[in-house]
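Lettered A, B, C and D in written order, each chain numbered from 1.
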Amino acid sequence: MADSLVQAKHQLAIANRIVSYEGIIDAFGHVSMRHPTDPNRYLISRSRSPEVVEPSDIYEYTLDSQPVRPLPAGIQGYGELVIHGEIYKARPDVNAVSHHHGMAMLPFCNVADELVPLYHMGAQIGEKVPFWDSRDEFGDTCLLVLKPEEGASLARALGPNWLVLMRRHGATVAGRNLTELVFRTIYQYRNAEVQLMTRSFGVALQPLTPGEAKLASERNLMPKPQARAWEYWCTRLKKAGEFPAPLKASKIRATKGKRRR
Amino acid sequence: MADSLVQAKHQLAIANRIVSYEGIIDAFGHVSMRHPTDPNRYLISRSRSPEVVEPSDIYEYTLDSQPVRPLPAGIQGYGELVIHGEIYKARPDVNAVSHHHGMAMLPFCNVADELVPLYHMGAQIGEKVPFWDSRDEFGDTCLLVLKPEEGASLARALGPNWLVLMRRHGATVAGRNLTELVFRTIYQYRNAEVQLMTRSFGVALQPLTPGEAKLASERNLMPKPQARAWEYWCTRLKKAGEFPAPLKASKIRATKGKRRR
Amino acid sequence: MADSLVQAKHQLAIANRIVSYEGIIDAFGHVSMRHPTDPNRYLISRSRSPEVVEPSDIYEYTLDSQPVRPLPAGIQGYGELVIHGEIYKARPDVNAVSHHHGMAMLPFCNVADELVPLYHMGAQIGEKVPFWDSRDEFGDTCLLVLKPEEGASLARALGPNWLVLMRRHGATVAGRNLTELVFRTIYQYRNAEVQLMTRSFGVALQPLTPGEAKLASERNLMPKPQARAWEYWCTRLKKAGEFPAPLKASKIRATKGKRRR
Amino acid sequence: MADSLVQAKHQLAIANRIVSYEGIIDAFGHVSMRHPTDPNRYLISRSRSPEVVEPSDIYEYTLDSQPVRPLPAGIQGYGELVIHGEIYKARPDVNAVSHHHGMAMLPFCNVADELVPLYHMGAQIGEKVPFWDSRDEFGDTCLLVLKPEEGASLARALGPNWLVLMRRHGATVAGRNLTELVFRTIYQYRNAEVQLMTRSFGVALQPLTPGEAKLASERNLMPKPQARAWEYWCTRLKKAGEFPAPLKASKIRATKGKRRR
């Protein structure tokens, strides 16, 4: 396995742990990234809660959300893989995707209020936060995004944006890279928390102007603040004993051997 | 003691710890399961907070909530055993019951608002969440469900549903098995948290349609998501050092010997 | 030092730690108990946050809030000792007192809403929760209860009740013994949290009837539930490494020797 | 390096950790203090999250926010240094400054509600909490305070007060010394939390009178309560394993040698 893939799996496991540790994903939800060298593949954990994902849990999928190699016996993939695959298909600029049911986001999945950036850290929600309602095209479903056409519909609703709210379900977030994705996921969520609190005042919200949002978002996504936030989240994982161990080269070879049999 | 009983007690201790660790039960509340091989008995801890329950704390009761064997000297049972016994009597399909006073559920025990499923994970609240008011049949009481007729009345209010809200008291939850019970207890609670937040918007709630709720609930209760959530909760207990040790065969024999004297 | 006093100091240190660990007291606030054998004295820590109180921090005071023996050099007592002393004077049935600024209680110290029991565990707030306003008798002060006449005024406001809310300041709680005091302090606070949440519905509250409150409070204060809650709180302290070590006999003698010099 | 500087860096690292541990600062925000012996310099960490700041991360700056010695290769300073430098310039009585985006403060950065002292611990917000809006003088910006003229404008808005709310951004707090700064930062935040909760009652707030606020603030800032709170926060850091190690004399010399090369 190439070094870049070993490293990518470790980074992806870290990202899974961060969004869990920071309180946004519980037992359900998932985080993926595009393959570091093959843009026609993406990496995602087998069906496990992000809080417990190890680098060795991560498998490769085609953009049609088929495993590149058959999954080992007893291993199952997530049900909602098409959320990831269809967004990677539709958005070549997107290289990482998260899907979650964070509690503070859920009220906004049930009411008509649009999320707006209320402080500079919330500017990453982007110019618009579109809604997607599974009822519109598919009627009564179990709400999950299971079929390729459902994933494609969600990707269309996301459009050129970075966050789409799914009615009575949750949120899907896109990023140009994994750090940016984690940053967006967390600070969009914080902005939703602020909007929830501010709404209780019963006065009109005073969001950032489009110009402010653009400037603040560009600033926040520069390397220095990105590196600072990543160091912070990783240190918190380490202190809590939650930082995932990297795959060892020997272990990787052995595992690959086994899988090939 | 048969293996299935040893295992059941361990699973029940785990279930007790999970609902505590996930923030739904504090010092009070309890979790029970039907005996794994004798449907006319159920298992429940002696009177202890679920957070500290060990497999060795668990005793067998008849469906009339009488201990199958006299409790050892100094050991007392819960006061509200009839909640469990009367539901097992009335509902042969129910094999696990929890009772709690989770904070986010309590506002709904005081107002006329009915709980409705606001996201797919909340679909397990079922088609209807009935209320039970101890005043209706019993007038002024200490609110606890202590007498067989009070337990039977609560079981009637529950009817064919999976959650009953007890006015000025708390919630009682039923499941077909222990994992499902824990899953229902936790996600019904999360749904109540979402309903509390969403209500602050002062607009009409937009719940799942009955069709969506049915499909989502069936999906959530399938083996894969059930196993994934159970692994997640157990891992969290283990990381926190809260996972209960199983009964050791030798210890069981010794303990049984002592109790028989 | 008599065994009962050694034990009392340990229990009081535990009580201090519990109300901190359960989130009600932060850096400020205090917990006291009447001397186990001399009703004309009470025990309270030197000026330290309850979260860090050790048995060796606890000193004896007269009911006029004077130290029975001069405090060692460099040791200072709390500024608001008269809260405790004046209540012990006025209420021979009270043997333990806590004073706190718990966040969920503070909104009720600023608005006219009276706290009412909204679930059975909240029944211990008692028949009435009186208000005390330092402005009424003393005009502009620093809000603290520093002078004997301020303490006496607060004790009069408490009257025969078990909780008094102090305008723009906090709460003072009384109990017949230390376990009951901790139980009252925690569940009065939980009831305030429920009232805060329930109020957001904008409908009339439906409290317990006086008969229900009396029966529920009597039930909750019986030995079995009291012991169960105390075990729960102590176990939580132990798991967190926060359970205070008891005074060792040898250390006590040595310490006493030093203090007498 | 003089002892006072070694000690100051340790104290500043502690202060950084406290405001993080107590939940007010996350990945972003910063805490500084004036140089202990040279009032024309101030100390602040390199660009890192306060939760991970070590004494060795702290550098000296002029009041024009230029590093006194060139930063080592690869080390970057915070972007918003001018917040600190310009306040130290404008306010000789201020010897410590914090800047944060604490969640409970943010709603007040978006609505017209002025923060008022609602309990004695909130009295440190001072007589007035002014607003600063970057739009007024600078139009659309990224919201951050990056240019000297932006810092000077913010310092003017702060005026003789101790807290300034920055529209759609966060809060900046001033103190006469580091302990006072931490105390102000934390209890201003707690007061904002109380104001948020109290507002949900929809009735007029009943703040402290100016006389009460003055007396309470003076009392809270006396050495005894200041020492008690500082002990409490430090003990919490220690229990959590977050207390920063002091710089060792030998390490300091070695480091200084390296930096001079």
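The rule is short, and it goes like this: contacts are C-beta pairs under 8 Å (C-beta built on N, C-alpha and C of every residue); 3 or more make two chains touch, one makes a residue touch a chain.
Since this is a predicted model, take the numbers as computed values, not measurements.
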Degrees of rotation, nearest 5, to put the Cα trace of subunit B on subunit C? 90
Distance in whole angstrom between the CA centres of subunit C and subunit D is 33
Which integer distance in Å separates the CA centroid of subunit B from that of subunit D? 47
Sites on subunit B at which at least two other chains make contact: 200
Please list each pair of chains that are touching. A-B, A-D, B-C, C-D
How about subunit D: which of its residues touch subunit A in the complex? 26-28, 47-49, 51-52, 76, 79, 101, 103-104, 106-107, 109-113, 135, 139-144, 167-170, 196, 199-200, 241-242
Would you tell me which residues of subunit C are touching subunit B in their complex? 118-121, 123, 190, 193-194, 197-198, 200-201, 203, 205-209, 211-212, 215-216, 218-219, 224-225, 228-229, 231-233, 235-236, 239
